[in-house]
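Both complexes below contain subunit A, partnered by subunit B and then by subunit C.
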Partner chain A sequence: MLDVHNLRTFYRADGGYVKAVDDVSFHLDEGEALGLAGESGCGKTTAALSIVRLLPSNASIMGGEVLYKGQDIVKMSGRKLRRIRWKEISIVFQGAMNALNPVKRIADQIAEPILLHEKVSKEDAFQRARKLVEFVGIDKARAKDYPHEFSGGMRQRVMIAMALACSPRLVILDEPTTALDVMTKTQIQELVKDLQKRLTLSTILITHDLSVIAETCEKVAIMYGGQLVEYADVVSIFEKPLHPYTSGLIRAFPNIYGSRELPLSIPGSPPDLLHPPDGCRFAPRCSMADKECSEAPPAKTVSGNHYVACWKR
Partner chain B sequence: MSGTLIPFRRSLSQFWRVYSGSKKGVLGLILVLFFFAIAALAAYVSPFDPRLIDPGRTWLPPNSVNWFGTDWFGHDLFSQMIYGTQVSLIVGMFATLISIIVGTAIGLFSGYYSKMLGEFLERVIDFFLVIPYLPLMIVLVAIFEAMETPIPILWVIIFVVGITGWSGTARIIRSQVLTVKERQFVERARAVGAGDFRIMAKHILPNVFPLVFANAVLTVAGAVLAEVTLDFLGLGDVTTISWGMMLHFALSNSAVYRGAWWWIVPPGVAIILLVMGFTMIGYSIEEISNPRLRGRKA
Partner chain C sequence: MLEAVKLVDDVLEIRDLRVRFPVRTGIISGLLRKEAKFVHAVDGISFDVRRGEVFCLVGESGCGKTTTARCILRLIDPTSGTIKLIEGDRATELSTATKPEIKHLRPKMQLIFQDPYESLDPKMHVLDQLSEPLRVNKIGGGSKEKMSRILSALSNVGLIPPETFLYRYPHELSGGQRQRVGIASSMVLDPILLIADEPVSMVDVSMRSEILGIMLDIKTKSQAAFVLITHDFSLAWAVGDRIAVMYSGRIVEMGPAFDVIREPRHPYTRALVSVVPVPDPTLQRKRIVLRGEVPDPVDVPTGCRFHPRCPIAKERCRTEDPEIQNVTAEHHVACHFWQEAFP
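Our next item is the complex of A and B:
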């Protein structure tokens, strides 16, 4: 359903381009759930926003294609794109606190995309908004309340309800559980899983929290320094991670069955994407790196749908 | 977060509960309502026809018949004061309406479009902020009057006062729009498919509206003062009865030299009280919509 080929999205900055997404490709089937993981600043959000071309004004897609049902979104006209957004692909924005207009009622905000995309009466739109509120597990009487009257988890539910307003086929969830406490996080995860099942939605979930991906996704794409380093199904990623960065990420997570040691962190810091290192971008932090790694590693297919970009595998 | 963004959703009674806690605001409201009542009931409370000339009763100091005395022509000044309230309020309200609409629109556009259009409008705002508004108003009124349009002079004054008084509002709205438009819900609205106009009208305007409102009340004060000034300088319609015109005639008939304080003090005091009333209301609303300005009460 969604095919991303060699996507490059750069930010203009003093002294050149910040290569936030550099040559990223992935594929998503109907009803599939993809998790996009990586540490802060690795280009996850930029990659996802590029899919619907919702980029800040200083960013632009420099190359590649984003094929949605065969149509290239990168080359699409603004008008056509507007029709696809929300009707076909919608987004749950990062930080639900700020993505809601403080002076408008929840129902108005959920009804807005419906009114903009479909020829329905205001009354019908509000009716649907109320249903959506109920659908994500909030008392529908509260639809007439304002955002500041909701808790963080409820606002996140509202954002999800809004994303579902025009029954899209693909929902991009940008850090839906960040800044929520563990209980609320679990509830949101359950909600996401429930939606995937009940609506046969395709989802792209962006997070730095691998546990969320383990719970809600089938496929995982690990990003590092603007590039995809590993791509596989959830089980393979966790059972036998191939890229040293992926294993580092997994090791950085405490194992509840393991010994009570502090989790290992990956030494060093992410590369400067204004001047990324030549060759493998992870090499400066990698314990396995040697001469070979000064050249860009090719994407290797290991088995079936398991790809890795590393010289050592 | 910025206090001005706190929604104005409190119902009227809730708003009143906060508002009535402000002594300044209540006093201002009483003053303004008092003048509105006088203006509305002018025909009933005025003891004489304000245009009636009694040649036998000129230059009289306040007495039991003419409470505020009489002028050189023999007009009853108390009646003139009462009718004069109408002009001040009409000009104040309508000129403010023009100022606020123009100011809000230009502020919104110049803040929202940060490129060419925004820069251009910003320069226009600067221009209107910088030029001394009094000479500008005088020139504009003079031009309109010289054109001998069939428009009544009162409306010319309303228009001129309105069109010269919007720049402060525009600047304030612009600065607020600049911060509101960077908030994420604006980006979300765009993602949902809302166009520029919808975003401005439905998402940004409601967020800056408390400012528009507080500013409007403050603008009325300025407009009242501007109208008095124009009348005082003799640019108004000499046949209307207004506080400014009373002062104008007092000046041209040497009221100060003759010691006729009763011809000067009442309009002067009334102007001060009305302007003060609007200013106090405006500041109180501003305090409510921006809690950082609000004094904490135990």
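Our next item is the complex of A and C:
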């Protein structure tokens, strides 16, 4: 359904380009839930924004292709792209629940994309908005309320309803639960899982929290320093992580069903993407690194569908 | 009942602490003499914090955990109740202490901030940052002694060699290093009590345990007590000695971290623990997803405050506020039916 090949998205900056996404490839099947994980600044959000070409003005896609149902989004005309956004691929932006218009009723805000993207009457759009409100678990009587009358969790539900307004096939969720409380987080996760099943949606979940991915996704792509370091199904990643960064990241999360000890950290800090190190970008922080790692690691596919970029595997 | 387990090495003793804020109303309702409303942020909590322990206050936003912390530091005044800070054989009542007394005690109690990007002054290098608390509190004597305090605080938080960090500005430090400088600036004063409000929530995952490790290290070396405020049970699991779970301004369960997480007795704790994200996709467990949200602190439910969301609530819970009961001498729970439901 979605095929990303050798995607490169750079930001212009003083003294060169910030290589936020540098040669990233992955694919997503119909109805699949993909988790895109990594630390802040690893390029996961940029990669996702590149899929719908919603990049800030100082960023541009320098190479690669994003094939959605066979069509390359990178080369698409603006007009054609507008037919794909929201109707085929929609996105719930990070922190967007705080960006709802405070002076508009939520049903009106949900109806807005419907009116923009489809030829329907105002009345029909509003009807659909009300149904969507109910669909994401909010009492439809509250469709006429204003954003300030909703809690954070409810506002996030509104954002999800808005993303679903034009029945897309793929929804990208950027840190959808990050600022929410544990219980509200779980409620939103359950909602997303439920919607996935009911609508056979494909989703890309962007998060720094691997344990959320463990609970909600089928495939995982781990990014480090603008590159994809590992990609596999969720069970293989957690049971047999192949990249030293992935295993480090997993070990960094405390597990309340495991032993009571301090999780391990990964020493050092992520690379400067303006001048990334030659060779493997993780090498300066890697305990297994040696001479070999000063060259870019080969992309290997191990046991079926498990991809890893590391010299030591 | 809580008195029974009191130990001599308490650093902090809180009894029946209450904090309420008046709700601001408009002119009209003032003229109509409508009943004044209050936000009951903290409503009658008691606990002790012991030397050399990490005491965790865990709960969702709005449960009163941050208000409790700010009350301990007297950044806000409690409505009623007592807060005792104990140093050796001297106990000071913080809730009624005067401003000069508080000023004198402040160096003993320090706060570790959540956001390492906003808590450091961008125009101050590390040396200035760490000298300021010493200067303000007139601690540390001569400049030589001050410098040695600063250097040892820096090396205690893992900024080694400390000399190389003295003249660096915040923008020259990584997020993890900034958080360390933040901790060091609390540590130069040799506090006996440190309050850490979500100390790692803004730090990248790969660096979190480093920061936590520093806290544990300080705890062991200096025997200072930590109050760790977090919404994250897995953090409390990794570093906490004891946990108090708060809900709507009350402590609903308190005990050793292991017992509270592995054998929770309050239905709220059980639900929270059951949804803690775990980095293991093969784990089979029953998630208890509570419906609804934390109650409005202005208009709290009658009886047990958790009853509208509680899976085991009965008629009695609607009317009668549960007393704190002992599960063991160290493990307490405020629920009418814990024995029936989770023996």
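Heads up, the rule we're going with is that the second predicted complex is superposed on the first by the 312 of 313 C-alpha atoms of A that agree within 3 Å, B and C clash if a C-alpha of one lies under 4 Å from a C-alpha of the other, contacts with A are read in each partner's own complex, and residues count from 1 in each chain.
Throughout what follows, a residue touches a chain if its C-beta (ideal position, glycine included) is under 8 Å from a C-beta of that chain, and two chains touch if they have at least 3 such contacts.
Everything quoted here is computed from the prediction, not taken from an experiment.
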- request: Identify the partner contact of A:N255: answer first if only subunit B is touched, second if only subunit C is, both if each is, neither if none is.
  value: second
- prompt: Is A:Y146 in contact with subunit B, with subunit C, with both, or with neither (first, second, both, neither)?
  reply: first
- request: Pick one for A:L36: touches subunit B only (first), subunit C only (second), both, or neither.
  value: neither
Task: Using the touch definition from the top, say if A:W86 reaches subunit B (first), subunit C (second), both or neither.
output: first
Statement: Comparing subunit B and subunit C in the superposed model, the one touching more of subunit A is C
- request: Go through the superposed model and pick first if A:L210 touches only subunit B, second if only subunit C, both, or neither.
  value: second
- prompt: Touching A:L54, do we find subunit B (first), subunit C (second), both, or neither?
  reply: first
Message: According to the stated criteria, A:G95 is in contact with first (subunit B), second (subunit C), both, or neither; which is it?
response: first
- prompt: In the complex formed with subunit A, which residues of subunit C make contact?
  reply: 60-61, 174, 176, 204-210, 212-213, 216, 231-235, 237-239, 257-258, 261, 271-273, 275-283, 287, 289-290, 293-294
Complex interface listing, subunit B residues touching subunit A: 1, 5-9, 183-185, 187-194, 198, 202-203, 206-207, 209
In the complex with subunit B, residue positions of subunit A that touch it: 52, 54, 82-83, 85-86, 90-91, 93, 95, 98-104, 112-113, 116-117, 146, 148, 162
Residues of subunit A touching subunit C in the complex: 39-40, 151, 153, 181-187, 190, 208-212, 214-215, 234-235, 238-239, 248-250, 252-257, 260-267, 269-270
